[in-house]
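Note that the chains are named A, B, C and D in the order they appear, and that numbering of residues resets to 1 at the start of each chain.
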Amino acid sequence: MARHQIRVTVNGTPREAEVDSRLLLVHFLRDVLRLTGTHVGCDTTHCGACTVLLDGLPVKSCTVLAVQANGRELMTVEGLEQDGKLHPIQEGFWEQHGLQCGYCTPGMMMTSYALLQRTPNPTELEIRQAISGNLCRCTGYVNIVKAVEYAAEKLRKRE
Amino acid sequence: MFPPSFDYHAPGTLPEAVELLARHRDDAKVLAGGQSLLPLMKLRLGQPAHLVDIGRIPGLEYVEEKDGVLRIGGRTREAVLERSEVIRSGWPILADTAAVIADPLVRNLATVGGNLAHGDPANDHPATMIALGARVVATGPKGSREIPVADFFTGLFSTVLEPDEILTEIRVPIPPPRSGGAYRKLERKVGDFATAASAVQLTLAPGGEVERAGIALTNAGPVPVKATEAERYLTGKRLDPATIAEAARLAAQAASPTADRRGTVEYKREMARVLTMRALRAAAERAKGGR
Amino acid sequence: MAPRTSPEICGMGHSMKRKEDPRFVRGQGRYVDDIALPGMVFMDIVRSPFAHAKLKKIDPARAMKVPGVLAVITGETLAKFNLHWMPTLMSDTQMVLPTEKVMYQAQEVAAVIATDRYAAADGVEAVEVDYEPLPVVVDPFKALAPDAPVLRTDKKGKTDNRIFHWEAGDRQGADAELARSEVVVKQDLYIPRIHVASIETCGCVADFDKAQGKLTVYMTTQAPHAIRTVFALVAGHVGLSEERIRIVSPDIGGGFGGKVPVYPGYVIAVAASVVLGKPVKWIEDRMENLQADSFARDYHITAELGAQRDGTMTALRIKTIADHGYTDAAANPSKFPAGMFSICTGSYELQHAFAEVDGVYTNKPPGGIAYRCSFRVTEAVHAIERMTDILAHDLGMDPAELRLKNFIPPEKFPYRSALGWEYDSGDYAAALRKAMDRIGYAALRKEQIERRARGELMGIGISSFTEIVGAGPSKQFDILGIKMFDSCEIRVHPTGKAIARFGTKSQGQGHETTYAQIVAEELGIPAAHVQVEEGDTDTAPYGLGTYASRSTPTAGAAGAIAARRIRDKARKIAAHLLEVSEEDLVWEPGKFSVKGAPQRSKTIQDVALAAYTNHPPGMEAGLEAVSYYDPPNLTFPFGSYICVVDIDRGTGEVKIRRFVAVDDCGNIINPMIVDGQIHGGLTMGMAPALLEEISYDEDGNIQGGSFMDYLLPTAMETPSWETDKTITPSPHHPLGAKGVGESATVGAPPAIANAVVDALWHLGVRNIDIPITPEKVWRLLHEKGVAE
Amino acid sequence: MPFRIDKTFVLRAPSSAVWQFLTDPRRVARCMPGAAVTEQLDDKTYAGTLLVKVGPVSASYKGQMTFARLDAQGRSAEIVASGQDVRGKGGATMRLTSKLVERAPDETEVVASSEVNVTGILAQMGRGMVQDVGDRIFARFTDGMRAELEAPAAAARVEAAGAPVPAVPAAGAEAPRLREVAPPSAAPPAEPVDVLSLGADAAARAVSRSLRRPRFWFIAAIVAVLTVLWLITRARR
């Protein structure tokens, strides 16, 4: 079985490891780096619980090989908080009750984070479209939309 | 779910990639976006011994208009196509299509070339590209060859691509003025394959009659369906409701869908008709507004 | 209701931000798969491709050669310890691993233990199994036919496939009254099999410590204490006695009823850990979760509703065939094989009613667990609310008017229903009127007429449901004999902070916040300083767990009672400190003061300190209490939902334009959380109404066994829910609360189905079974000649 | 998940030759490459394995086939076959009856009808494509049969009758565009065969390799695998 030395930057920190060809990115993050905030919810690329940013774009890490990420930038939920301060997305989900069981939340937040990078002032429809690759079974999405709107406003105020 | 073991290759150039494919032939698969291939491997149904990742080969992702042709790099991600100014401004049918493929996260990895080369009649680009009269470029050991998309699909999951060929570019002739296109898809929910979908690209004569019509259907048989009769019928006609209805009826006749959880054969054929009608109306509107 | 406590104390009625969220938004929740123990190995499961087949041979040889594979466990292995069968919660039996035959597709056949997940999966592929297919029975009606093969050949003397016959009410009375009724509407309704599909699948880490002879199981369970007892019963004979079993339910990624049963995977992992002396992790994948875990619903209902011409309802008669799969592993109270189905008289004054249910074995996985609903209440509500609409349409009455005419009036509560329940409180008309105002009912009816004239299809659907939750009073309710009380233990520390532990287990409901608010409400200790813990059987008091909306009605009440016991002791201590008699003290949240001399007071914090430093002579030190709360009755939340749909005449697609939900769950602990529960419940009500279904072909091949075909709604299919409330406190609950987690799941499906049928009634459509797919609608439009 | 494949086609060969062919597993086999007989259990029963490779999908089946009925007078035969995926993903059974009608001295009509029943993961994913692929396989087989019984040049188009046949491009028609069966380099016994790329000329090539094994009965298994491919690649969504 082929092994590969890979070098990635995760949440700003360079990480190195030797991995099998077949190791999925999500297992690299969870089992090798022990960053367990990224979850697994399905096997067929439907649920988005495993969403992380690969070179700034949200992707489903259960359908990417760890070797494919070699030399690239990764950002996970653990990278949202900066110097002990919650990111507005995290605040929004807390303030607006945008989560219940918390399982889909990291993926949801990473997708929302990427949306706001590109679209600082999204409409409700734009938010719903953006998160349509992430399944939530608890919230009915209403408060997730509010959470993203909250974060958007907060980020706009920042600038 | 966990994929079986395989060897992973990340060539830095096209020739290297082709060389690897030529060496491993049927034991190798091209890894582009991986959004169809990796799930298949996770389910342990695909067990290719070698994956040739073309993700590190520069110059395979672009969307540009040059010498009357729209050129889309084979490894262009759907999200890039979706956001490209060229597409948003001048190619509504492609904008329609890119926006309904899988979901936004999948589109950040899935590629236009992969969507075609996979040979899946349920994928959305084949119908669109057939309607547009596109051609694809296959690059292999003997260099490159151009293939009309209409001749590209030979059967379920089979295309004319040789095991050592890579789909490197899609070429679409820029339509003349008074052209317009639309893609209409019925899906059970976001991310689903089409229950039925119809791609229509029209060019109108100054008088308003149809000069050229391209119509194709998604998931309407083992290969993408080109609705040749409907196209022929429309040519030279004005697009009144009756004509649109008849063209849609002819298009649906060309469909030979199979029943599954998405619907019965009867329903799918009917939806091909309804969606073709809707795509025709939208395409006509857009044609009047320019391209 | 204005909060009695200050925002600092944050008792009932405050929309307190959830205390559990900081860890979740940081990705620091601790779910089962996040647990990694030294030396941990991984388990994966070989499953049957056949729905019914004889096991001829299991050959592990090839699997044992796979690098990393440590062991292959089969039914024979477990049989050596008599662990190959286990009891279900309904006192049926279920295979852990088969030794003779498999009974449903995807049933566990063998388990592979390996050093990592990938190797285990490699091993599963290499296990060779020989099957001899047997005749498959998937249709419960065929299963009841005299010539049907008997499926449970393991049961000595079993000659048919009937599991149970259950009935409630007065058959003769109902028959006679229906015969007398001027109008009787009759309808077959199928409530399909569905799956909770929580985004976290099931799994566990079983850790048997040989040195201490102690088993710790971290597992996805909604009922850790009951599970511990079940494990002790199943494995007692191999030396696992209850004091040496610890079940830990960590953060749970959604439960909805799917994490109540004991699945074979848990038991195999435990056996593997005991045998290997290593921690064993088993995490099922999504397809295993959708294909093999317990299912909900699968009720074939025939309902008849009688009335007089003026719309007065007279009698209800319901016959149901319940498909339970190959074993009755439902999670119902023991005496209620059909759960609370007898709530089927709903919100209406019905003098006569009769309901009967026959449970049937088929070649399917176990059914009969909940899908975010209190035992079979969804099925009951769907039946009565659909029948009410059909009756209204047949009588040419407005469905709202018919409901208002037949509602149990507020003054008749507590109300004893024809099927024997005592409804605690309700004001059904108030909720419906509020919903009608909120959505502009009259205007919508006008619009509908105009649109119809234009050939457009628009429908308005109402559902005025009554739930029955909070199981339950010990005189009727037990599971495996264990009474369905629930518990709370509170300790107040010297600095006036507290820890409160409960017998329930949150799976997203926010117990860490709402329970803290209950304690704050009763003791005046800021909710921020009340640490709530659940799910560890070594530390939490015994309880039956969280499902069927029972946490607030039972454990929540226990919390209030325990807090009040502490307050009683605190009063004595305060009296001692203030040198007055208890009677001279006035309590306000957080403080005792002397009647007429409010400046003389002691805070709960003063009292707490004194409890450890200066307690009265003759009194024991400390400030803590326990309560095992046995509810005097169930609670009956209710509400009225109104849904507006538009139908695409070309494709048959149903679009929910608006959906207004007015809920009444009694007194509210945290309005924000209640709203969130309703949003989620509505979405899980819409899903089976329009999208989700698990079906089987004639050979028992599951259809809808992956997220490709089991259609969970995304943000795009989900409308923007509009919620509102009325408040009718429960007279018997210490806090006047009722529970709300499932009301919306129960109430939403008939509102949507009624709306779609309402849009098509004028075409001669009486019923569409859920899920209402575009093709089902299109087919009707096509038949009636109105399809585009 | 049972379904039928009914086909009627005409061969330019005497009925006696066709009959001999259809009742000789070894010859029949040549038209379905990719299999190996592990043993002949009795005069009418064979056991064997099948390796199928379809694009990225590969699967290994084991099974049995029996001549349930042979009526030389009536020129009709019935074959019962069953296969099981060794990776435990499912199984397939097939009952095939074929009858010969002499149209002219050197023209024989073959009326073949089979009931295929598949179980397991592929049957979970919807029946539609199984039918499609079944027809496809059948077309392959008839082409292979032509290559065996007629002059290769005469390879003509399949006339489908009976059950409605989906618009699968006839193998003959698409043959020129089809890929090689397998790399010339590798040709081990029971070498996996790429069914999708198996066109008439490919079939002929397979025949020229003249592997001497019964394979006709593996149709069901192949159908199964092809379906899995088609459906599972949708697993993404």
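Throughout what follows, contacts are C-beta pairs under 8 Å (C-beta built on N, C-alpha and C of every residue); 3 or more make two chains touch, one makes a residue touch a chain.
Predicted model only: the values in this text are computed from it and were never measured.
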Most widely separated chain from chain C, with each centre as the mean of CA atoms: D
Selected interface, A-B versus B-C, where C-beta contact pairs are more numerous: A-B
Computed distance of Cα centres, chain D from chain B, in Å: 31
Approximate Å spacing (C-alpha centroids) for the pair chain B, chain C: 44
Centroid distance [mean C-alpha coordinates] between chain B and chain A, Å: 29
Distance between chain centroids, defined by C-alpha means - chain C, chain D (Å): 50
In chain D, residues with contacts to at least two other chains: 87, 89, 121, 125-127, 234-237
Interface hub residues of chain A, defined as touching at least two other chains: 20, 22, 43-46, 63, 129, 132-134
Overlap residues in chain C, where contacts from two or more other chains coincide: 117-118, 125, 285, 287, 703, 706-709, 714, 716
Touching residues on chain C, where the partner in the complex is chain D: 46-47, 49-51, 105, 109, 124-125, 127-131, 133, 291, 697-699, 701-703, 705-709
List of chain A residues in touch with chain B within their complex: 1-2, 4, 20-22, 24, 43-46, 48, 51, 54, 57-60, 62-65, 67-68, 70, 111, 129-130, 132-134
Chain C partner contacts - residues on chain D that touch it in the complex: 1-2, 84-91, 117, 119-121, 123-127, 234-237
Chain A partner contacts - residues on chain C that touch it in the complex: 17-18, 20-31, 33-34, 36, 117-118, 196-201, 251-254, 256, 283, 285-287, 507-510, 672-673, 675-677, 679-684, 706-708, 712, 714-716, 718, 720-721
Contact footprint of chain A on chain B as seen in their complex: 1-8, 10, 31, 34-35, 38-39, 42-43, 51, 53, 55, 79, 102-106, 108-109, 190-191
